[in-house]
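Letters are used for the chains, namely A, B, C and D, taken in the order the chains are written, and counting of residues starts over at 1 for each.
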Amino acid sequence: MENETARVEAFSDGVFAIAITLLILEIVVRAPHEALSARRLSEELRHLWPSYLAYFASFATIGVMWLNHHRLFTLIVKNDDGLSAFNLLLLLGVTWVPFPTAVLATQLLAPGQRVAAVVYATSFFAIAIVFNLMWRYAVRSRLVREHLDVAAIARQYAGGPILYAILIGVGALNAVACLVLSAAIAAYFLLPPQLWRREAQQPRPMR
Amino acid sequence: MENETARVEAFSDGVFAIAITLLILEIVVRAPHEALSARRLSEELRHLWPSYLAYFASFATIGVMWLNHHRLFTLIVKNDDGLSAFNLLLLLGVTWVPFPTAVLATQLLAPGQRVAAVVYATSFFAIAIVFNLMWRYAVRSRLVREHLDVAAIARQYAGGPILYAILIGVGALNAVACLVLSAAIAAYFLLPPQLWRREAQQPRPMR
Amino acid sequence: MENETARVEAFSDGVFAIAITLLILEIVVRAPHEALSARRLSEELRHLWPSYLAYFASFATIGVMWLNHHRLFTLIVKNDDGLSAFNLLLLLGVTWVPFPTAVLATQLLAPGQRVAAVVYATSFFAIAIVFNLMWRYAVRSRLVREHLDVAAIARQYAGGPILYAILIGVGALNAVACLVLSAAIAAYFLLPPQLWRREAQQPRPMR
Amino acid sequence: MENETARVEAFSDGVFAIAITLLILEIVVRAPHEALSARRLSEELRHLWPSYLAYFASFATIGVMWLNHHRLFTLIVKNDDGLSAFNLLLLLGVTWVPFPTAVLATQLLAPGQRVAAVVYATSFFAIAIVFNLMWRYAVRSRLVREHLDVAAIARQYAGGPILYAILIGVGALNAVACLVLSAAIAAYFLLPPQLWRREAQQPRPMR
């Protein structure tokens, strides 16, 4: 192995990749084995828009979580059993996502939509908390690269739980707004924090 | 990590591998838990030919997309957040493929077949567009290897959207022809563009 | 390949990652396509607690098995066909886990719960036995690193079958206690054996 | 990338790992959401023995195919587009396996069992043919390591199609015998050919 965290990253990549790909299995045409007319099939496909929206929002969120995980492990260079435990807790959250996604997709237009939205948003909130705890643990256990502005990075990560707490509130009011906002939060996180960008612009030693 | 794009490639490989393998889950014998006679089982298996054809066409297409992704990342040697975002958009398209494949397989002999075929072909068209945008972005952001004939490669990539636009037109006329043509397009892309071949024949520095 | 066991580890990582992620597919709301009221959806979600508990226990167990596999392959540095065969047998056990998990989750409150719990615990027992056999084989075939206290490590591994034999006994009495204990065993294994920790603290040669 | 075939191997590992893990999804208790008595659950679990047998035979076969693929790519050191095409064809066969496995498992005691067994065995026969074609292609295109006794290795590979042709014949007579024989063939291939063993025993240069 080229470094201590390589196999943890490989396993995590696998879990993220599978969780993000399983989302599509939730999108199914009603009565899939019936022969449908063009008009009826078009209606069925349009009728699935809550599934498409939930698929997009969850794909974007898991995608950005993967990206964050990837960024985090460019800063974390050592591994220990505590970090492995936090990482498993994080992956528990990631593999969980397809379930609330499926519930929200099927209930988006039902009276129980807000319950589904709160469960959905709370799942992301919990994952954001674990990201924070994992980063703090890595810093405290000296598993991170040297010369990092760890306090500034911790402030960056603190944004996640705050945004997802707001998402829970929005979900309690309206499920569609909750999905749209979760996709918007993913887009926000896709924009890189200035700290990592500055880090990345430093010349790297030849290897 | 041996290079900047290694983990992006590993994650993408996982997503491609899962999407291509999930396709088989769509092929199911009707009434699978019934005990069937030899004649009835043979009929049931023959009756599934639209599923086999859709499975083959989508497998070939995702396979070739993976190959293109692989080729692209032999030319792209640096990573940034924009490229990660484009790559996620590309993977969104790839994970989407099993859904229109399942719809087209089950509706191939139904009156709504042409609607299903247009949705199927449009999915591939969108992915081909994202491939083009990603390549242009990588060139403009100077993430690619030096001394490449980027204009010639861009011309090669422009072929994808054109072919898949034609596929949409064919799908609007006949769904079976659409599936056969999409398999043929995959075979065409499997033939390597001369540019990359020439590139690959240059002697490589020892590492 | 950077070392002889790299591709065995990569394949195993993939299998572990997929098995751990497939667990979520077993959690499904009854009548998922019905529009539910807020009260009814809340009830349905609460009603699924056996599935959540089984999901958590199996996730933790597979997670810890992966960790053990990872630790084992930091000690195993050579590969041969016998080791590959043992590794496949181990992976057979890992991919099997989602099935007894699903059975136990759905039968946790049914009269047959203890049968389901015994099957569940026996699956983990069998995997622990294979871990032991694989380690003994690796030592006897001189596939492990030099200067290891192999007897002490074998004693550590012997704990697995003993704990899972107890789990079978608990499962024969009460299925919920069986699930809680299996999660507790996973937490116990997450705590690293002192031997590996001492090993890991030795300075490593530069590469 | 450390060598030319690394990403082809990584993608193939992913496909093998997923196909081998998806097999478990086919094993489902009838009426899974019914609360069953201990006696009834025991009966249901015993009743699934054709599924267990098919799961074991297909797991062993895919596992051995992965091992063969792994061995093959220790001999193949260069990649080209033809090899990628053959590899995709091979993976098409591997991802196909869960379908005939599911059909055979559910029809093993039905009158149509022999039809299911012939389809099952023919799938493995086709994969064995592709393995042979891929090896011949790799040799002819000079993608393999130097100083190999390629004729002897080709003779080894020729055993696969012959054994699986016999399996088709056995399947035409009895489906259970077909499953047992396919597991036995997998065990046979797990025993390493002497050629590769001698190869592996040569001292390797330090890296």
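Convention: a contact is a pair of C-beta atoms (placed from the backbone, for glycine too) under 8 Å apart; a residue touches a chain by one contact, two chains touch by 3 or more.
Quick caveat, the model's predicted, so the values are computed rather than measured.
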> Once the Cα atoms of chain A and chain C are superposed, what angle does the rotation have, between 0 and 180 degrees and to the nearest 5?
Replying inline: 90
> By CA centroid distance, what chain is farthest from chain B?
Replying inline: C
> At the chain C/chain D interface, shared numbers over all numbers used: above half (same) or below half (different)?
Replying inline: different
> Hey, how far is the Cα centre of chain C from the one of chain D, in Å?
Replying inline: 25
> Centre to centre, by mean C-alpha position, how many angstrom separate chain A and chain D?
Replying inline: 35
> Multi-chain contacts in chain A: which residues touch at least two other chains?
Replying inline: 2, 10, 14, 17-18, 22, 25
> In their shared complex, at which residues does chain C touch chain A?
Replying inline: 2-3, 6, 9-10, 13-14, 16-18, 20-25, 27-29, 32-33, 35-42, 45, 56, 59-60, 63, 66-67, 70, 74, 190-192, 197, 200
> For the complex, which residues does chain C have touching chain D?
Replying inline: 1-2, 7-8, 10-11, 14-15, 17-19, 22, 25, 30, 80-81, 84-85, 88, 91-92, 95-96, 98-99, 102-103, 106-107, 109-112, 114-116, 119
